[in-house]
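Single-structure report; data block below.
Note that the chains take the letters A, B, C and D in the order they are written out, and that residue 1 is the start of every chain.
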Amino acid sequence: MPSPIPVAVLGATGSVGQRFISLLDNHPWFKVVALAASDRSVGQKYSQAARWILDVPMPDYAKDMVIVPASTDSVQAKIVFSALHNEIAKDLEPQFARAGMAVCSNASSFRRDDDVPLLLPEINADHVHLVTQQRKNKNWSGCILTNPNCTSTGLTIALKALDDAFGVKKVFAVSLQALSGAGYPGVASLDIMDNVIPNIKGEEEKVEWEPRKMLGKYNNGKIDLADIQFSAHTNRVAVTDGHLVCASVELTSQADPQTAEAILRDFSAASSARELPSSPRPVIQVREEADRPQPRLDRLTGNGMTTVVGRIRRDPILDLKFVVLSHNTIRGAAGGSIYNAELLVSEDLL
Amino acid sequence: MPSPIPVAVLGATGSVGQRFISLLDNHPWFKVVALAASDRSVGQKYSQAARWILDVPMPDYAKDMVIVPASTDSVQAKIVFSALHNEIAKDLEPQFARAGMAVCSNASSFRRDDDVPLLLPEINADHVHLVTQQRKNKNWSGCILTNPNCTSTGLTIALKALDDAFGVKKVFAVSLQALSGAGYPGVASLDIMDNVIPNIKGEEEKVEWEPRKMLGKYNNGKIDLADIQFSAHTNRVAVTDGHLVCASVELTSQADPQTAEAILRDFSAASSARELPSSPRPVIQVREEADRPQPRLDRLTGNGMTTVVGRIRRDPILDLKFVVLSHNTIRGAAGGSIYNAELLVSEDLL
Amino acid sequence: MPSPIPVAVLGATGSVGQRFISLLDNHPWFKVVALAASDRSVGQKYSQAARWILDVPMPDYAKDMVIVPASTDSVQAKIVFSALHNEIAKDLEPQFARAGMAVCSNASSFRRDDDVPLLLPEINADHVHLVTQQRKNKNWSGCILTNPNCTSTGLTIALKALDDAFGVKKVFAVSLQALSGAGYPGVASLDIMDNVIPNIKGEEEKVEWEPRKMLGKYNNGKIDLADIQFSAHTNRVAVTDGHLVCASVELTSQADPQTAEAILRDFSAASSARELPSSPRPVIQVREEADRPQPRLDRLTGNGMTTVVGRIRRDPILDLKFVVLSHNTIRGAAGGSIYNAELLVSEDLL
Amino acid sequence: MPSPIPVAVLGATGSVGQRFISLLDNHPWFKVVALAASDRSVGQKYSQAARWILDVPMPDYAKDMVIVPASTDSVQAKIVFSALHNEIAKDLEPQFARAGMAVCSNASSFRRDDDVPLLLPEINADHVHLVTQQRKNKNWSGCILTNPNCTSTGLTIALKALDDAFGVKKVFAVSLQALSGAGYPGVASLDIMDNVIPNIKGEEEKVEWEPRKMLGKYNNGKIDLADIQFSAHTNRVAVTDGHLVCASVELTSQADPQTAEAILRDFSAASSARELPSSPRPVIQVREEADRPQPRLDRLTGNGMTTVVGRIRRDPILDLKFVVLSHNTIRGAAGGSIYNAELLVSEDLL
């Protein structure tokens, strides 16, 4: 890479925004040139505006940057990473695309649009080419790329490996999700201390639909949704980072746990997504202990980009049961968006 | 009741033992005459021997009782409540039955025996009559009664209501279980802080089998196992008390969520189990909020004896999804055993 | 008591408001006739307006009460319990006093006023007579009574016993405070999970001043502040209820730990405050274990009204060290206000 | 450094042992040649014997090492890092010193011995020369070096800066200590969930004595204890790593908070301890926010070797109050021992 690509973070003070700023520190291709946030913060130095909540320190580069408004006038970049709330993203992200910028978004606003890639590069890198169709349809030179909700992320990566090998027909998924998934301030401490909250608004619908798009076939400028049935229960538990999913799956062809384990362990990304700066190494780590993966012990596997799977065993009703863990603000949010941006660059689609 | 029935607690110092002692305080029928524990504690006053961990104070009656050995020589009672570990229970409980005492046990050692009732009086009170067969088979005048593991408890009660109304064919169950279920000291704090443990040794097998016995038909001195398939994932979470289960079920006849909700709400115990001192009032409470039941807020419903159900909704693969909560050391352990004993007494089987 | 005294709760939906509603259920003297809250809630049934966060269920009497505005037009009561925020309390509470009602307040707005009692009936019941002076000064027929901040509460009760016996000169106090002290939603879960927050805004100033008023002498219509020096550090920890304080004290006359322990254990309230419905029984409980009091195990001692003290030992610099626990939303907030109201009634000052 | 120095870890499977193994990964001077543990583990591969509890992965070098007995026959190294329990350390550590090895110990067994350095290189590097006296006294060629208990560590470092500048006379210290300080399994989850344990056995005595030795003057082969009075309360809180101490101090000469803050910020180690591989950079970080340091956010400052101080303000009784945070298993245990070993090497005392 000759000179670094200028990038910006929208919604820079929130919890996902902070993770973007942390992960972009010393990025080999990207240089952060603008941090945008709401009016309340505009004009302040980042170190004053942000209530930093990560357990890794705020990078030096960000401390003295002055927050700008989240508008195309104030932000001059090639790529913008969006940690905006959905309602705001709906209005703002198209403006940035129209202004010629590539928007890599965490918001759910455009995930279901036919010409917007919903991307996990290790499993559906070819979907990135939807942006060509998108540019034609929308008549803009930028683009919008999305990553899925943080609970679908790890689950879908594991399912892809199994689907390629055996065909997946039905999936029961019950999540135990971390607090950082709700942003900051997010969940009140009195709601979660010594407690579980057995619902996360809107999440079950996402987990029951988004994997079908990601596991779908890219076909002539559009995606054919995968023909897989999903049933999801979503729960909030007292964990800071790391979403765990208990899954039971029905397969098209028989698979014993040992074979499935080998398939998961050996899964690799398409070559286009394999050697990018944020590529997970490995894509999937299989744990053999009887009680892993666990959020606190395993969430930072592969710098938080690896999907960790364990307890692969027969299901008495369907075929297989297993447990999946994924770091929700790294692989499932900011790290995923950065990985998407890297794919866009390496595919010459910027 | 003319004069109180003398009862004893075996394994009195542990976490379930403490719950027995707490729940038996001022019991209208029973009077605690002996507390038995391991050799290490024998001869000490209970208040010295027990490291009390409940958030309700130790009852006065227990403080000065002197711990005796868990042997039929040392314990003179009509009913013994057993909070013994399985390996010990296997040896000791038959000795007490042989000595003419009714053993109401939390241990899993005899749950699968054909002539041992596995009892939740609000749903299978008639199974108590297995003890007549048991006495014949074993040639003893006492008996052994068991209650199921704490995760099966609430789930099976909810399933019974649905099974009576619609027929249950398949059940997916994922548990989020409390720390007190592992006893004391049980789970190390470093293992559960900011974490989930996605396995509880031996628990999934129990959840996949025990409900089938409890939902089975009592028939001429034996139980025909219910023809229902179960698939279970069990998890430990950072909650002190209260096991939550996410369940998806397939039914024989169609049921919409509203009808199922009414069926659950209106479920009542057989008349023999309805008006006992520990009878749950109501048997099932249905919560209508989008995010209930929750362990901290709902576990003490009906003094911890009520099963709380919420989020009854359609399942995209099977028929219905819902969430069940049950207090694991009250309804799911000590309170359940006491309820069993009350049924035995009121049925004149003591 | 012939007929119940009509009372109201201001700020009824918040965490302290909920505790008022819970503690006033079946109160022998008081009957709740109005629940007032902010405009957002007015007109709704209480069960709809309040997000109930206590682990005891919402009392039936409250469920269908319709929320009214917190104004003297809407509230017809003899006593109003105020769980209002300080800024609002500053304006509203005098209006209620002027309208002839006795305001028993948790807010800090008037605690420092010369003619407003800052009351812990078990230690300074005579201070209640300040209301006579207050009525004269303010020319109103109602009155304002306050209870101290929840951290000062237990500490000051323990200090009173020691001060009466030995004289207290200096006090170091370091608190470990519960989450419910910050209200709801209060502390964000991401701020307290696996963490301590070593500051609570404004709290140290209160702990360094309020005990001096409560330990002061009532003298001819005013209080002479006690001549005691305080130094406080305040911390928030991951506990739902129960404030713990580590204290080191310098005394005027020598006291060995055993004597101090006896003095604390035997402390009793003035006769006027000893037999009220909410009187703590005992006022102080001394725990002898090496590691008590503990919030989870001891906060409900005496229904949450008792102050629990432990680890009384020599201090290498001053005279004595000890640990104090008090339930912050019962004795330290709603329960304290109710106790204050009971004293006002029994002293014929209503 | 020409060739790496062979080192061993005693007590390698425990929580401090794990931290040693993690911190010694890629150490520029040291190479781990032996891992020793109790008989139960001997002969197993480390990856099988250890239940790894750190949230950073087990280093590859350790996985296949076979556990050896903790005896001088089995361990051939120049330096042994001891994470042994005190009773075992008392017997074993002298054997290793006698066999010519330098024992860098976390145990408390020899901390009070006149000729054993109690070392925090950033504040008392010269104390390392006690080993010359020790070798003479004990007639052995190895040596024993100790680091203080984890609560004294950060406190003493902050006190040293203040003592050099203003003289310290009295110290009140109240700790809020992390769970990892108790080892594994250590504190039971039911003991700390929603709770605080207001005592840590033996800890207050250590905090009241150890700083006096470390702040003492090295004088002709012995240490004159510093003439400072300490009073300590120690508490266990629900935090995984990071001990927080609230301190109030009396000084010999007046100091305003701003000056003290500058003194703390500018404190640097003696030149002999300043540029070692594990030297904290900076020694002390001062946080200016009103609510820092916090364990989760600040414990990894300077890779866990930096002492973090905040809230420096006037004390109403003594002179200054402040809060200190130190990572208890890095700076306060394994990292501290490694730093000690580096000093020993660089001072040519190995």
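Just so we're on the same page, a residue touches a chain if its C-beta (ideal position, glycine included) is under 8 Å from a C-beta of that chain, and two chains touch if they have at least 3 such contacts.
The model shown is predicted, which means the values in this text are computed figures rather than measured ones.
At the far end from chain D, in terms of centres built from Cα atoms, lies B. The interface with the greater number of C-beta contacts, when B-D is set against C-D, is C-D. Chain B and chain D have centres, each the mean of its CA atoms, that are 48 Å apart.
Centre-to-centre spacing of chain C and chain D amounts to 42 Å, using the average Cα coordinate of each chain.
Shared interface positions of chain B, i.e. residues touching 2 or more other chains, are given as 53, 193-194, 238-240, 296-297. Chain A makes touch with chain B in their complex at residues 170, 172, 174, 176, 193-199, 201, 208, 229-231, 233, 235, 237-240, 244, 246, 248, 290-297, 310-311, 315-318, 321, 323. Those residues of chain A that touch chain D in the shared complex are 52-57, 193-194, 240, 296-297, 299-301. By the touch rule above, chain D contacts chain B in their complex via residues 15, 53, 179-180, 184-194, 238-240.
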